[in-house]
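Structures incoming, each one as structure tokens.
In the two assemblies presented below, chain A is common to both, partnered first by chain B and then by chain C.
== the complex of A and B ==
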């Protein structure tokens, strides 16, 4: 009998990100192109309006988070369904030009 | 008339001949290249259109009206129109009458290129006839016409405001060479013919000048240098022409039949795009027209500069200019030669390379399926989700009129694809188009009702939904009222209607919303309206204009709308509504809200 059967929950894999081991060259390139990449305050307004959220769990907030932490795979997966509709840019309280930011991410990062 | 020289030749014709041979060779090669660059089916279409009587007649008419008479410029500003047509048409007539003279008097010289141009040098008048007098008069008359045009052009360089233009472009160095050589051609011609008029004959202009000259310069030795100068001016003009904005003269003659053949831009730089770019004479009308130009820093991002940078191949600037534009389409609407600034920019955007390409194949449309057989399918659009008042008003109106409907995107749907299309990512946009087409077809609806003009445009242009009526709510409300299904009452308010870019210029809907508003209250017009309406500044067309940079554009658009001091600004687009609401000093609402308030049944 294993532990989880007794307590009803298991130990999830660690989600710790060691920023010392993360390669941020690409993100820094993105930041050069898009100074706004660090401007996001993770309010989540973009996510709340995003029509792609239903389909791929797209959340610009999470994408930026993931990229800042070097978790590019997660970001790329979410971005797959962005329709560039621009609703996020209309609600962002920080006035980030989200569509341009998304297009720049699409230019710099690659699918792997 | 008799010939003065047996050879019919003098060395001074050389500069002209060199220029002429050069420009002809250049144009023929350019013509073959552009036609070669067209996709196969377009090329076929083009050739067929050239032998179809209807398009052929239209080509001739358009070339005559646009290239020679400049009818479109006349409509904009009479003085500017006169300036253009006097130079173009006057010059054309000088060439035509010159050829007639040669054919009449020295038909054996007709094969010499230069003969009609320098006719007066080579002949001497033997007897005066009525026929000759008429031709001479015509020649002098058209020379005077051209000279008056040149005089206006010189004044325009110094004071462009008289011509109703606030801003014009700065000419490049070669443009200036072209400009000065063009300006000098006709005064030099007058001088040369003036010196020769006592031998070759002339009319009121050249003859009178000759009397003046002979009174103090009786020596015929002055004759040859002036003919040399005239020929040199022509030669220089022709030699620099391909590298200046004057290339628009031959390019436009190609652009008109291409356009009449119904050919579209298929490549960022080749074929039609190239013909358009070279047809731009840098008139600068698109600078004042562009809503971005209220900010000085954006002036260099207007269409005339896009054309210039594409000619120069300056990739960095091309990208900047293409990305900034709001794609409002106003430059395209007012351009007298038919450069499509918005479409050209989308084409530039479409050649970008991306590492990541969204892919919607994983989206399961089954969850979005809807049954609306016999009903109207209402797709409010994602922008409308941010302005729920529009949808609410529209639903209320549908209920009042007793229209049965289903919502297609109640819990969010797939974007119509137009914003993606504007970003130049056609493959992605097409995927969305396909998904939505499937949903609509399967719903069984016979009418698709839309509230967002951005959606409306792509549904009209890129979706194949034969058999399904696609309507914007402005049209729909208009038809409900005229069918008597909505009872509308007037209120004392003064309304102004803002033409959203995608609905007006984009889809040609101007009258229906006005019809509707006329019944709701007093309708006043904005200073610039309909085809010349000013973009709200919120357009998803611009990729790079940031939020704070748009404020000035919105304020300018608002000033335009409030010229006749209306109480309420009415629009028909969710994006315009939210953009204007941000900065307006009075009420802004959607037309559906206005009508919902004014109907009771």
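== the complex of A and C ==
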């Protein structure tokens, strides 16, 4: 039997990213496949030029950051809006093959 | 007889070294490929962070090097090693034997036209940091004089920290130069909105942070953390800039009357020519490679060849001057050892 909430409020889950609990096993596998996965410096060029980003909130910068912080669900949700046009790979100042990276993320983090 | 010292490049590093070498009793010979002394600094308006007029710095150096031999419009045609000196042939037909060659060939400004997505040379209202300094100096540029200035943008890191442009290195001085130019432009157009688009702000030097705070608080320059990905032009000839405001996590778009590209410092193409003559090493960024990047920055891997200033990497004016003095002292002790 669950206790009835007699106080009228509840505890919200913490929004803190607890780095102690982040499991990077999958991200490390991604890094083996894509050595450039840690190379992003979050300049946002990819997002600014992304034709899907203006409407869907898709942002490769955010996807990579979310994966590095263990927020895999958020990342995968965002990636669904990617059309694989490859425009981001044209503007990346670090020369990351972003299109290839996205495909590898999709393979590794695929949802059932 | 006074020892000859050949200085390749008549910018501020070459002149400062010549000044010190004259004081130490040597005969410096400055070889400058252009028709004037002072290099890039001579074309600048004023210098951060105290707004020192660049022409004051250059003219006092020119005055102090008056007794040196100066060859303008001259380059090195070849150079070879003798027993303990170098035989140097200049393009004007003069040949010199010198125990020491000081390389002060400096840097080149990145050709902003190579970043096509920024529209330099394509859209009317796009200029570079050097173009803006020219305007500060002579007040003559159609891009500024011909239109109303309501909104102006600065793009940091153009051609630097950019592997696509084959320049992964940070050009070091553009962050603070953008802050300086944004303040100067705000003084000329107090009612204009001034935006700086940056990836990281590297305010490493003395008083730089104060300068940055002043730009934000006293001049109202707006800093947006996001690299500009592309620029387009609207029907009125204004430029539209697209970036991601990475702090908000949203794409951002703004219409500007003028866009200034902070073109970075890249290696001087003369570097490789000179390096080929006496097999000097260049680094992965194309600049000359010092014997040691910490303890021996002014020495090359070859005896009798020294470096000063931006020929080994992007440097500020005070760093360049300090290195030139340090190289002069190294040269002095090298000659005394021979």
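Quick note on the criterion: the second predicted complex is superposed on the first by the 96 of 112 C-alpha atoms of A that agree within 3 Å, B and C clash if a C-alpha of one lies under 4 Å from a C-alpha of the other, contacts with A are read in each partner's own complex, and residues count from 1 in each chain.
The definition used in the following text is that a contact is a pair of C-beta atoms (placed from the backbone, for glycine too) under 8 Å apart; a residue touches a chain by one contact, two chains touch by 3 or more.
Keep in mind it's a predicted model, so treat the numbers as computed, not measured.
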item	value
Which of chain B and chain C A:49 touches, first, second, both or neither	both
Touching partner for A:76 - first (chain B), second (chain C), both, neither	first
First (chain B), second (chain C), both or neither touched by A:108	first
Contacts of A:99 with chain B and chain C, given as first, second, both or neither	first
Per-residue contact with chain A, leading partner among chain C and chain B	B
Which superposed partner A:85 touches (first chain B, second chain C, both, neither)	first
First, second, both or neither for A:59, with chain B first and chain C second	second
Touching both chain B and chain C, residues of chain A	49, 53-54, 90-92, 95
List of chain C residues in touch with chain A within their complex	117, 157, 161-164, 199-200, 225-230, 242-246, 249, 251-252
Complex interface listing, chain B residues touching chain A	323, 352-360, 362-363, 382-383, 385-386, 411-415, 417, 419-420, 423, 425, 428, 432, 538, 540, 543-548, 575, 578
Interfacial residue positions of chain A with respect to chain B in the complex	49, 51, 53-56, 76, 79-87, 89-92, 95-97, 99-100, 103, 105-111
Complex contacts: residues of chain A adjacent to chain C	41-50, 53-54, 59, 61-62, 90-95
